[in-house]
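The two complexes that follow have chain A in common; it is paired with chain B in the first and with chain C in the second.
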Partner chain A sequence: MSAPALRCESLSRWYGEVQGLAGLTVTIESGIIGLLGPNGSGKSTLMRLLTGQIHASRGWVEVLGERIIPGTYDIFRRIGYAPGEDVHFESERSVDFLKLMARIGGDSAQQARERADKALELVGMASKGSVRLNAMSKGMRQRIKIAQALLFDPELLLLDEPLNGMDPISRRKTLDLVRDMAEKGNTVILASHVLHEVEGVTDHMLLLHHGRLLAEGRLSEIRELIDQKPRRATVRGTELSKLGASLLADDLVSGLEFVDDGCIHLDTRNLPELLERLQIAGEEGLIHSLETDDQELEMIYDMLVGGSAR
Partner chain B sequence: MNAITAVARFSFWRRASGLKLLGPSLVALLPCLMMAIILLEEPIDAFDLYRDYMVPATLYFVLPLVCMFIMLPVLSELYEKGSIGYLYTRPAPRWKMLVGMYLGAFAATLPVFFIGVAGPMLLGLASSDSASFGEWISLSLAIFAILAIAGLAYGSICIFIGVKTKRPIIWAFVVLLGLGSTMGSLPGAGQEFSLHYYLISLAYKWCGITGSKTDLFSPLESVASVPESLFILFATSAAMMAFTAVAARQRDVL
Partner chain C sequence: MAFRAAEYERFHGERTSRPTWIPIATATLARGWASKWVRRMSFLSLLMGFTIVVLLYVFNQIAPDWRHLVETAGSRVSEQNDGFRIDSKFYLHLLGIFVNPFVLILSLMFGHDLIASDLRTNAMEAYFSRPITPLSYLFGRTVAFVGFLMLATFGPIMLIWCGDLLFSEEGHIDDIANVPLGMFLSLLLSCTVVALMVQAITILTRSAIWTNLVFLVIFVMVQGMGAMLWGITDNSSFLAISYFHDTYVACAATLGELDGLTASHASAPLAFSVLIGLAVVSFSIIMRGLKRRSLLA
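Take a look at the complex of A and B:
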């Protein structure tokens, strides 16, 4: 029997007086797992502990059966990690950055080139290999971060807020990639503060709040309890007035507010369907970026902690 | 070796691409500028001027500043931006990345040291009657070798400071300019605790300076032997890199 993808026991981390993660005990076997929580809930702290970047104040963590401590390195042939931090290798061409990451892993120049090309193709950036990272949009750099995580065909993929700054098409492609990874039998841990991002690919979630595990299990069970409170999406793009009118006509939005020529707020009681429509508009090139608030997540917190979450 | 060479190449171009070496190169040319001004105003032999005044000035002022400019940011920048996490989550031991970073940045100091040595030599050749071309080449090679060895030693200290502390600039000033240049130029037993003591000792032996004309710096009361100086400088480099590897395991990537 193979080892679980992840096993933590009383895993804790304090930053001075501040509690980053408190006594997390959890076992994850395989599949796609959504790691949900608002900013400061402990998601990135957990990711850093899983990758040996920080020391645990108490407890321990095993990844793919190996105990992780700072300095552990062999395991990273089996783990791919895309950090939440931006890529600050500014002047590097994306293919060179990926080659560097592969060569550090022990590849020859030729092997590194092949791996880099393959990873670029996987994230749909095959034609952008010669573009320098500082000339890329944030969404493109996010995809490069994912590409470097995929270099060694990892069994476990750790993605920290991977969809931040991505346009709708890139989001869809990234989530497709996550699904593909899981279908091949790999495990993906997807950290996010936006519920519907994670919900699109998995029903299995860990919900963190103030460094503690608030809930673990099936999202659908909790989701059924959420009422139909309006949620807001912020869309940037072109021909937004036309788009807004069409959404109003189809009763998909209950209100809209033009921030400026290229930006519009949409209020809806049916976020999943609205996102589907915006996805189609994105594929037609009308939408440059899309952000949704994380009220859904806050509602779940309200339910779980009796309205004191915030 | 792939990891070390790949990181070294990355580190070198990170420090040497674009105009990043312009500032350190201008610092390295300051002794040359001073030499030109003095030669215009004083009837002094260029070879003596360079050997007895500018070589110590290069070691006391130029060397620590160049090391700080080029080698200090190599790791401290990556830690500050959190980008070091990309390197530390690769399937390779951290020490290989640290050694690669160190060697790459050290390689980037060499063109700067070369400019700092070649400038005065060309100026001297154009103005001096007393020294032959061979003497200038020999002196220049000697000072270049001393600077390179010093770059290894002070560079390893910069790398250590970059990993160990969150205020690298302050610590670099304290260690390189305080414990290095200043303590090494003061008379007394404390001089021997400075790496500069061993660098100046090498300069006495290899460049033939005596300190007799150097009013700025206290002449050495006793000169360390070449093997002793080389041992201290190389051992310091190795020890600092070992400490750096320990510090890299201890420091969290935040």
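Take a look at the complex of A and C:
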């Protein structure tokens, strides 16, 4: 039986007096795991502990059966890590960056070139190899970061806020890639502060808050709770009063507020069905734009810690 | 934007366990060479060396026994005619042309941003998620940095040495045989010290501009301070706080020219101690900084 992808016991890290992670005890076998939490909740600290960038103040962590201690380096051959921070040299071409990372990982120059090209192709950047990183958009650099994490077919892939700055198509393709990797037996830990990003690829999540593990388990259980809570959609378009009346009549909204002639706020306890109806209205040309609040994570925190989370 | 359908494939290549400092050094060399001013300064120093070789050739063509004539003229001017002979002491004087200016300029242009930029751009977080140790990282960076410094200092001196040997009479080799190894060892030490010092400053300041300013102030200040303290106390040991002075003394020691050093020089053990001490302190600062980089970030 193979070792769990990740096992930690009372894992804690302080930055001086600031608590980065406190007493995390968790075991992750395999698959895709969503690591959720708002900024400062300890996601990046955990990622850095897993990749040996920093060391635990207390407790221990095992990655793929090997304890991460100062001086551990070989295990990093089996891990791919895309840091949350923007990583780039100021004037280096993306293919050079990938080649360098491949060579540090143990490739010859020729192998590194091939591997870099392949990784670029994998993230849809095959034609951008000669573009300098400082000339790329943040979304493109995100993809380069993911490409470098994928270089060596890592058994454990750690992605820290990988979708930040990406356009919707890149997001979808990146999530496809993550799903694809997990299907082939690799483990992926996907850190994010946006619930629906993670929800798209996994139901298994770890929820961190102020450095502590707030919840672990299936997202669907919490999702059911969220769906009971009122949500708000902001719609811009024409004939909104007629639309609002129709939604009220069908009991799809619990409240509505006209901001001005072309904008309306809709409060609902059944967001998925409301969105379906609005999509139909959009196809009829009545809706110009639609926004929904992205406060699901905050809601979860409110539910779990009684409103003191934010 | 064209986005290929993402499909993950397992990689079935072989991975070696070759030293990880090599790609870091290669990348650093490429990064340095990409700077046109670094290239210009390197070429300039080599060009200056080449010019001296051409002059040696011209002298040889005009007056084949010019070495003897110059030596005789020197002995008539002064009893101490060492300055008029091309021997290992002559190469010591070349330090003023090649080491002092070029080490300073290249350090300011190339070394100031090596680690600072890696910290600033978070490249280290990517590096250290790979199987590379802080020591390998530092070694790779330092090897490349020292390589550039050696190219601009040892390179032209060796060019001149080859020209000198080529255009000299038989037996001249005995006078200058110790130059390549002696110069190489002493310049390697002194270039390594500078490389580590600059990187230590850069890891403390995390800024290219501040690194340059601090480096410049330290170099200018200690030069002046050393001379000032020597003047006040009449103790030449104070001169050892100057990097350039220590480099000169170290080169004199490795070339076997310590007898030529006067009371206006620090002792060789002291010069070596200062250079090695600077290297050790700088190394410790860098390693501590690399290990604590996440706290610094």
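Assume the second predicted complex is superposed on the first by the 240 of 310 C-alpha atoms of A that agree within 3 Å, B and C clash if a C-alpha of one lies under 4 Å from a C-alpha of the other, contacts with A are read in each partner's own complex, and residues count from 1 in each chain.
By our rule, a contact is a pair of C-beta atoms (placed from the backbone, for glycine too) under 8 Å apart; a residue touches a chain by one contact, two chains touch by 3 or more.
Owing to the predicted nature of the structure, the values given are computational and were not obtained by experimental measurement.
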| item | value |
| --- | --- |
| Overlay on chain A: chain C relative to chain B, clash or fit | clash |
| Partner chain(s) touched by A:Glu29 [first = chain B, second = chain C, both, neither] | neither |
| Partner, of chain C and chain B, that touches more residues belonging to chain A | C |
| Partner chain(s) touched by A:Leu122 [first = chain B, second = chain C, both, neither] | second |
| Which of chain B and chain C A:Gln53 touches, first, second, both or neither | both |
| Chain B versus chain C as contact partner of A:Thr174, first or second or both or neither | second |
| Partner chain(s) touched by A:Tyr81 [first = chain B, second = chain C, both, neither] | both |
| Touching partner for A:Ser108 - first (chain B), second (chain C), both, neither | both |
| Touching partner for A:Glu221 - first (chain B), second (chain C), both, neither | neither |
| Part of chain C, among the options 6-14, 60-68, 168-176 or 276-284, whose backbone runs into chain B after overlay | 276-284 |
| On chain A, positions contacted by chain B and by chain C | 15, 48, 51-54, 73-77, 79, 81, 83, 85, 87-89, 91-92, 100-101, 103-108, 112, 148, 152 |
| Complex interface listing, chain A residues touching chain B | 15, 48, 51-55, 70-71, 73-77, 79, 81, 83, 85, 87-89, 91-92, 99-101, 103-108, 112, 148, 152 |
| Residues of chain C touching chain A in the complex | 1-11, 13-18, 20, 22-24, 26-27, 30-31, 34, 117, 121-123, 125-133, 293-295, 297 |
| Residue numbers on chain B that touch chain A, as the complex places them | 2-3, 5-7, 10, 14, 17-18, 78, 81-83, 85-94, 96-97, 249-250, 252-254 |
| Chain C partner contacts - residues on chain A that touch it in the complex | 15, 48, 51-54, 73-77, 79-81, 83, 85-92, 96, 100-101, 103-108, 111-112, 114-115, 118, 121-124, 126-127, 145, 148-150, 152-153, 167, 169-170, 173-174, 176-177, 180-181, 184 |
